[in-house]
Every structure is written in C-alpha cells, then in structure tokens.
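Shared chain: chain A. Partners: chain B in the first complex, chain C in the second.
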Partner chain A sequence: MIEALLQTLLNGAASGGVYALVALGYTLVFSVLGVINFAQGALFSLGGYLTYLLMGGRIGVNGALPGWGLPAGLPFWLALLLAAAGSGLVALLVERVAFAPLRRRGAEPLLALITSLGAGVVLVNLLQILMGAEGYAFPQESGALAGLPEVLMIGGARIRTIQLLLLLVCSAAVVGLSLWLERSRGGQALRAVAEDATTAQLLGINSDAMVRLAFVLSGALAGLGGSLIGMSVSLPGPYFGIGYGLKGLAVLVLGGLGSVPGAIAGGLLMGLAEALVPAEASGWRDALAFAILFAVLLLRPSGLLGRRTVDKV
Partner chain B sequence: MIDNGLLVQMLLGALLGLSVYLPLAAGQLSLATPAFYAVGGTLAALLSTRWSVLGATAAGGFPVLSLLLELVLGGALAGTLALLVGRLVLRLRGIYLAIATIALVEIVRVAILNLPFTGGAIGIFSIPQPFTDASGYLLTALILLVLTGWICQRLDTMPLGRAMAAIRDDELAAGCMGIDTTRVKLTAFVLSAVVAGTSGALAAHFLNTWNARQGSFDVSITTLAFVILGGSRAWLGPVVGGLLLTALPELLRPVGDVRLVLFGLVIVLGPVLAPRGLVSPELLERLGRWGSPTREQKP
Partner chain C sequence: MSTALLEVRDLSCRFGGLMALDGVSFSVASGEIFGLIGPNGAGKTTLFNLVSGLTPPSSGSVIWRGAAITDLPPHRRNRLGLARTFQNLRLFDDLSVLDNLLVALERHSRSSSIDGLLCTARHRQAERQRREAAWQLLEELGLSALADRQAGTLAYGDRRRLEMARALGTDPALLLLDEPAAGLNPAEKEGLCALIQELRQRHRLTVMIIEHHVPLLMRLCDRMAVLDFGVRIALGSPNVVRRDPRVIAAYLGGDASGETP
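Up next, the complex of A and B:
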C-alpha cells in the first residue's frame, strides 16, 4: 500500500518536473516580452527527436530519409545536452522569424501569438516530413542508464530508474536556472529587463540580447523535457509535444504568469494530481490539468504564487 | 480544383472565422470556438444516429427539416453552454481569457472522447445525409453565412454593436459611460457560440462522421488565423480569411507533404507582412461603405 503510494508519488513528481520545465520556458519569455511563445510544444517534440537521432536511432520508412541514422550513437546524457542546445538554437530562430519583426514594428502582442503558433506548425510538420509520423522507442543499448539496473527497489517499492533520473535532471535544471537568475550578473540583467525593459536599457543592459537569451533558455528547457519524456515513455509522433505545451500553459497560469517558483510548484502540483487519478478514470486525466486551471483562474486569476498587479489607467 | 465539397468547407471556415470575430469585436480574445463547434456537431450526430429522435427514414435518407431543427438545436446548446461558461470566464482579460478558453476546448474534447455515448476515439459515423450531393450543403452553408454576415453588418448600426466597439477601444471608459460591459461581452460570446454550434451541426452531416478531433486546439489556431490574416476590423476580414485559408491546404495538395509547412509559413509571415490583415482599414475606406463598419475615424 505504502509502496504503491510511493510509486505513484514518484511518477507524479517526475511528470510534474517535466511540466515545470515547459512552464519555466514560457515564464522566461513571458517575463521579458509579456507574450507567450506557442512554439514551445513543437520545441519539446524537436528535443525528443534530436536526442533520439543523436543516440543513434534510425529514421523509419515513412520519413524522407528512410533508414538513415548516425553511424554511432552518443550516450544518453551527452545526447540530452546537445539536443537541449539544439532546441535552444531553433528557439532563437523562432524568435528571429516570428517575434523580432513584430517587435520592430511595435505591433500588437496578439500577433506574436499567431506567428509563434505558425512557427510551431512549421516545425512539427518538418519533423513529420523528415522523420515520418510513426512512433519511436529510444535505443536502449547505448548505456542510457549508465549501467544502472532498469528497476530499483527503494523501501520495497519498484521504481523505474529512468523516472528517478528524470526527476533528478528536472530538479537540477530548475535549481540551476533559479540560482542563475537569482545570483549571476546575466540572471540579474534578465530580471532587470523583465521588470522594465526601457529602464534596463538606460542602465546599459542590452535588452535585445537578453530577449534572445530568454528564448535560447526556454527552447533548451523544452528540448530537455521532450528528451526526458521520449526516454521514459517513447516518441509517439511529431505532435506529442503539443499536448505537453498545452499542459505547460495550464501550469503557467496555475503558478502565476511570470513567476518562477510558481511554475515549479504548479508543475509538481499538476503532476501529482494527475498521478492520483485512478486507472479507471485515466481517460479523463488529460482534462484534469485544465479543470484545475479553470478553477484557479476563477478563484484567483493571478495564480497561486503570482503577484497581483493593478491596472493603471 | 475547387469542387462543391471544398466550397462547403470554405464556407464553414468563413463561419468559424466569424465566430472568433464576434467576441474580438468586443475586445475579447476567445479561442473557445472549437468547443462550441464540437458541441453542436456532437449533438447533431447523436440526434440523427444513436438517439434517432429525428427519425432517419428507412431508405437511409434524412429529412431536410430535421437538419434545420438540428442546426437550431446545435446553436442553442452551444449558446446555453456559452451563457453558463461566459459568466465565469469573461471576468478574465487578455491572455488569461485566451488560456481559459483553451482550457474549455480541451475539457470538451476530453469529455467527447470519454463520455459513454459519443463513440470514443472513433466517434460517431454513418451520419445520415439529407442531401444527395454537396450542392445541398453548399446552399445551406451559404444561407448561414449570408445570415451571419447580415447580422454582423447590422450590428454596426445597432446599440449592441456600438457598445462592443466601445468596449474594444476602451473597456473602462465604456463602463464609465454607462454601458453594461458584462452583458455586452456575454452577448458577443453567446452569439459566437451559436454560430460555431450551428456550423458544427451542419459539418457533422456534411463530413458523415464526427469525433473529438473535430474540436481540438488546432482548430483554435486555424480559426484565429482566419481572423488575423483576413483582418479583424470588419466582418468581411474573417470571411475572406476563412475562405482563403481553408482552400489553401487543398490548393497546395499538389506539392504533397510540404503543404502544411507552407501553411505554417503563411501564418508566420502573414501578420508580419500585413499586420492589419488582408481586409485592412485602408482597403475598407477605399471600398466605401460596402461590407464595412467604416466608423468615423477620430481626428
């Protein structure tokens, strides 16, 4: 009984960690630009596929390059980091194409919503053309778990090692990012731009560079999340990131738009709540995040940990 | 290349564009259109197959009158849902409202996927046909579009439409001038839902099958793109956007798999190249009064 609960809680915390990564990605961009990057879900997919390829996975027969694959696979941790970096670079490209031109014209923020969605559509369909629509399971032989057994026994509970690894990587990413934002000069500069871009610019901070940095980091977080989910479950097709992107949106609002601790707490809460849904009702699990979101929006629109802002007239 | 079937889809696209346009005309960014579309379509599918109250004839035909009744019921059910949900969500503004309406879309989608009588992932199929070919649907969709367009056009000269425009320009000021902003926003939201629900009921028969995927988040994106690319300042904008963008993937079919990538590129580049949409205020001015609100510009 206790073991089952422990297992459930760990599963919940692991998927909650991934939701937190996605939500943090949204948070970074939202705090500097005040807009939501709807391509986040596509970057999540991209990360998963990049890791798969870097680990030596082969493309299926439905793709444009059937049977193609790298001659040698990288170990999981290296592939994970490279895939995160790759997703970060593509996020930068998304910023250049879908956000920068609008910002230069001072266009309505609403338009960025459309252009980033369009960028997501392009990304996902490019993946589909190149890799095909079929699902992929990660190659397991390349020592992903660094020689650890697939299942660990902790306090009598059978825990999948990958779940534990997932939780560790998410925690490391989240703690690292929070510390960096809090302590480092770059992090302070980013927060200054988030607070007030004009004043930050006057104080000598290159706010354009900070916007680009926010995009790279958010893309990397999404790529990391996609890789981890791909490893622990599989890649069911190029669209799989979209669902995570939407749930990340729910987490974002749950925690409060623009709040880093809120995104983390919201992610964990959402993951745990989903894990506690009984198996008979598993079909409804996907609606839970949005039902919670609905309740929170109505009771406390600024989110659980968000700041209440007062509109000035 | 454009046959009657595609024309029906284009007209349905234009109707969904208008459904997104109506709340936006009152300054409210709602992405809930697919939820109402799905509700209308599911009701029509159920009424004409499983619950069979509207009696398909033994020959497999379906009375046109029953279809019309379903259109009314689909719109009414969607409108009722909007009335209930709208009271809650319309307190939210801007991006919060957008996200809450996405949540509604997802909840409705999961509900249709999991309810015991909506057919799960496969959905409901063999929905009876009131018409022998697409031209009947074409006529029905055209009438619906003309009717909706006429209402939108009338709105511009009615107190309701003027109140919507006032809220769009400045909600606080509109409230101070004595406009009941909650009621006006709610009315726009319900109108939007009625249009979407009616379109869904027609689409269910036209497509012959109906499932949860018909009302997914993708539809939120594409219908919003109809309005943004077509232009959100006059009702003609979303109609043009809906017609063109629905036809585009079909017209791009010869280029094969790349067509959705091109479609995405159009969505990325459209707002950059034409920030006010194809039917821009400048174009409307040139067209004169026709099909436009042409409100007097402030000096």
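Up next, the complex of A and C:
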C-alpha cells in the first residue's frame, strides 16, 4: 500500500515536473511581453523529435525521407541538450516571425495569440510532413537508461528508473532557472524588463535582446519537456506536444500568470492530482485536472501565487 | 563652455496634426546645469523623449559629443552616458530599493553570465564591487536605511531620490531630470537644489532639468531654454531669459512682443 502510494507520488511529481517546465516557458515570455506564446506545445513536440533523430532514430515510411536517419546516434543526454538548444533556436525564429513584426508596428498585443498559434500549427505540420504521423519509440540502446536497471527498489517500492530521472532533470532545470533569474545579472535584467521594458532600456538594458533570450529559454524548456516525455513514454505523433501545451497553460493559470514559483507549484499540484486518479478511471484524468483549475479560480481568481491585479495601463 | 556635450539641431516632432516640437535647436555644454521651462504642453517632456530615444523625431538630429545619435535605441544612448528620470516616477516597484540600483549597475560588472553560473572569483569580485557602488549611491542620496524596503512602499520624496540614484547608477555624463521637484514641499525643494549641485560636483555631471518652479530653476541653472507651443522662444542665462519679452508674454499670457509663435 505504502509502496503503491510512493510509486504514485513519484509518477505524479515526474509529470508535474514536465508541466512545470512548460508553464515556466509560458511564464518567461508572458512576463516580458504580457502575451502567451501558443507555439509552446509545438516546440514541445519538436524537442521530442529532435532528440529522437539525434539519437540515431530513423524516419518512418510516411515521412518525407522514409528510412533516413543520422549515420551515428548520440547518447541520450547529449541529444537531450542539443534538442533543447534546437528548440530554443526555433523559438527565436517564432519570435522573429510571429511576435517581432507586430511589436515593431505597435500592434495590439493580443494579435500575437493568433500569430503564435499559426506558427505552432505550421511547426507541427512540418513535423508531420517530414516525419509522418506515426509514433516513434526512442532507441533504447543509447537511451537514458543505458547501463541502468529499469526498475529501482526504494524503501521496498518498485520505482521506474526513468520516472526518477525525469524528476531529477526537471528539478535541475527548474532550480537552475530560478537561481539564474534570482542571482545573475542577466536574470536581474530580464526581471527589470518584465517590470518595465522602457525604463530598463533607459538604464542601458537591451530590452529586445532580453525578449529574445526569454524566447530561447522558453523554447529550450519546452524542448526539454518533449524529449523527457518521449524517453519515458514514446512519441505518439507530431501533435502530442499540443496536449502538454494546453496542460501547461492550465498550470500557468492555476499557479498565477507570470509567477515563477506559481508555475512550479501549479505543475506539481496538477501532476500529483492526476497521478492519484486510479488507473481504471484514467479517462477522468484531464477532467480532474481542469476541475481543480476551476475550483482554484473560483476561490482565487489570480491563481495560487499570482498577483491580485495584473492589469497594466 | 567650449565643447558641446549635447546638441539638438532643428528637432521637430509631430503627433498627428499636433506639432509637439517645431525646429528646436540648442546645445548643452559639458558641466553646466541647463534648464528647460515653458507652459504646460510646450513640448518639454517630448524633447526629453527625443533626446533619450523613446520617441523618434519627425525631423532634425540629436548630437552627442559631435556625433549623431538620432538613430540609436535608448539603451545604446544610456551606455554613451545619457540617463534620465521621469515626471511620474518609473521605479521597479516590486524590487527592493537595493535591487533597483543593482539593475542600473548591471552593465558595469565585468563578469559574464558564465562566471555568474559558476560563481567564479571574478564574478564574486565584480558582485562585491557592484554592491559597494550601490551602497555608496544609497548613502549619498540618504536612502541606505531603506535598502531592503520594496520600492513601491517608499514615501514620495524617497522615491524621487531613488529614481535619481538609479539614473546615477548607470554612470551618466548627462542627467535629464523631468520635474524632480514636483510634489515636494518647500523645504524638500531647497534640499533638492543643494543635492543637484552636490551631485554635479561629485559625479562631474551635466544636468538638464525641466521644472515648473521657475524661481528654483533661475537660481540653479547656468543657462536655460524656454519652449512655448513646441518652439524655442528664448535661450540664455537666467538673467537674460527673465527679461525676454516673449517669455513674459508666454507666461503672463500678454502680447508684449507683438508676435506669437
């Protein structure tokens, strides 16, 4: 009984960690621009596919180049980092195409919701054209678990090793990002831009560069999440990131728009709540997740750790 | 008054049908306190926005130490040595007083982000220097007791001084002050006057100041320009400006000069 609970909690924390990554990505962009980047889910998918390819995975029969793959695969950890970087660069491209032109022309910020959604649709469809709609499983021989047992015994409980790794990587990313925001000069500059971009510029901070940095970081977080889910489950198709993107959005609202601790707490809460749904009722998982969201919003309209007012004049 | 630190040449700015500034020219010499006065809506703040780079001019140029900076974005102008404060104060209200200053001192640190992540000796050294510089400025402006307070919770006069401290943190050669005395009581205004002169000495500043309180400005400034409806109607020492018939007309609503701009 205790073992089952421990297993459940770990599962919940692991998926909660991934939700937190996605939500943090939204938070970074939201805090500097005040808008949601709806391409986040597509970047999540992209990360998973990049990792798959970098590990030496082959393109399936429905892809543009059936059977094609890299001559040699990289070990999972290296592929993971490169895929995160790749997703970050594509996020930069999304900023260039879907956000920057609107800002330059002083357009209504809400329009970026549509343009970023469009960028996401294009990305996912590109993935589908190139890789086909079929599912992919990561090559196991160079996977995260290479050399590790599949199941660990902790306190008498059988724990899937991959879940533990997932949790560790998410924690490292979240802690690293929080420390960077809190302590480093770059993080401080980013927070200054988030509070008031104009004033930050007058203090010598290149606000545009900070906006681009926020996009790169948020894309990298999404790519990281997609790769981890791909490793722990598989890639069920190019659209799989969209679901995580929506879940991340729910977590963002649950935790409080623009709040870093809120995104982390919201992610964990959501993941744990889902994990507590028994397997035979797994169809109710999403229903429970969104029921929690509604309940929290009824009691605290600004989210768990959000500010009371978010309106800017 | 040999070298001009800042020069604005034929600067115009049009907002739709409104000519906010119309062919304004003058130069500010290194080390002087230069006043900018004029009735409400004369274009004073617009001029500051053009000089600091927040608004692009419709025509004309801004020249810094002899080179045009008209096309530079605000952060590049700040790095050249141009800092400003706002009439309606723009502090980072959620950050502490100390952090407000640290943001301004950000670019003076010589350590990179990599240094920061690895906490190298160079990073720790740079951090220490940055904090020392911040504390020194807090001390200078009488804010050190408030260092840990959230900026949004400070009293009005303290907020004004914090905004000045923060601008000074970027180590400017020219400080643009937009109505620094607004909302201060007479005693505080006197204190501000002394403070500005003191800061000019210690930081070897050139100061450009917009102020509605004309007597204060007359005492403080070496030279001043008067704007009315976007046009520069007078330029010179306070004594000259004070007697200019066009200035008297603009302020008293009369028509002493016989011509309206």
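By definition in this document, the second predicted complex is superposed on the first by the 307 of 313 C-alpha atoms of A that agree within 3 Å, B and C clash if a C-alpha of one lies under 4 Å from a C-alpha of the other, contacts with A are read in each partner's own complex, and residues count from 1 in each chain.
Note that a contact is a pair of C-beta atoms (placed from the backbone, for glycine too) under 8 Å apart; a residue touches a chain by one contact, two chains touch by 3 or more.
Values in this document were obtained by computation on a predicted structure and should not be read as measured data.
Superposition note: with chain A as the common reference, chain B and chain C can be accommodated side by side.
In the superposition on chain A, A:Asn206 contacts chain C only, with no contact to chain B.
Contacts of A:Val122 after superposition: chain B is touched, whereas chain C is not reached.
Of the two partner chains, neither chain B nor chain C is touched by A:Met131.
Of the two partner chains placed by the overlay, only chain C lies in contact with A:Arg185; chain B stays clear of it.
Counted by residues of chain A touched, the larger count belongs to B, out of chain B and chain C. Between the C-alpha centres of chain B and chain C, as viewed from that of chain A after superposition on chain A, lies an angle of 90 degrees, to the nearest 10. By the touch criterion defined above, A:Ala14 reaches neither chain B nor chain C.
Look at A:Ile264: by the touch rule set out above, it reaches neither chain B nor chain C.
In the superposition on chain A, A:Ala197 contacts neither chain B nor chain C.
Of the two partner chains placed by the overlay, only chain B lies in contact with A:Ala291; chain C stays clear of it. With chain A used as the common frame, the shortest Cα distance separating chain B from chain C works out to 13 Å. Common to the chain B-facing and chain C-facing surfaces of chain A is no residue whatsoever.
On chain B, the positions that touch chain A within their shared complex are 29, 88-89, 91-92, 95-96, 98-100, 102-104, 106-107, 110-111, 113-114, 172, 217, 221, 224-225, 228, 257-258, 260-261, 263-272, 275. Taken together, the chain C residues at the contact with chain A in this complex read 52-54, 73-75, 78-79, 83-84, 86, 90-95, 99, 102-104, 106-107, 109, 111, 113, 116-117, 166-167, 169-170. By the touch criterion given at the top, residues 36, 38, 64, 97-98, 101-102, 105, 107-108, 110-111, 113-115, 117-123, 125-126, 128-129, 242, 246, 249-250, 252-253, 257, 283-284, 286-287, 290-291, 293-294, 297-298, 301, 313 of chain A touch chain B in their complex.
Taken in their complex, chain A has these residues touching chain C: 180, 183-186, 188-189, 191-192, 195-196, 198-208.
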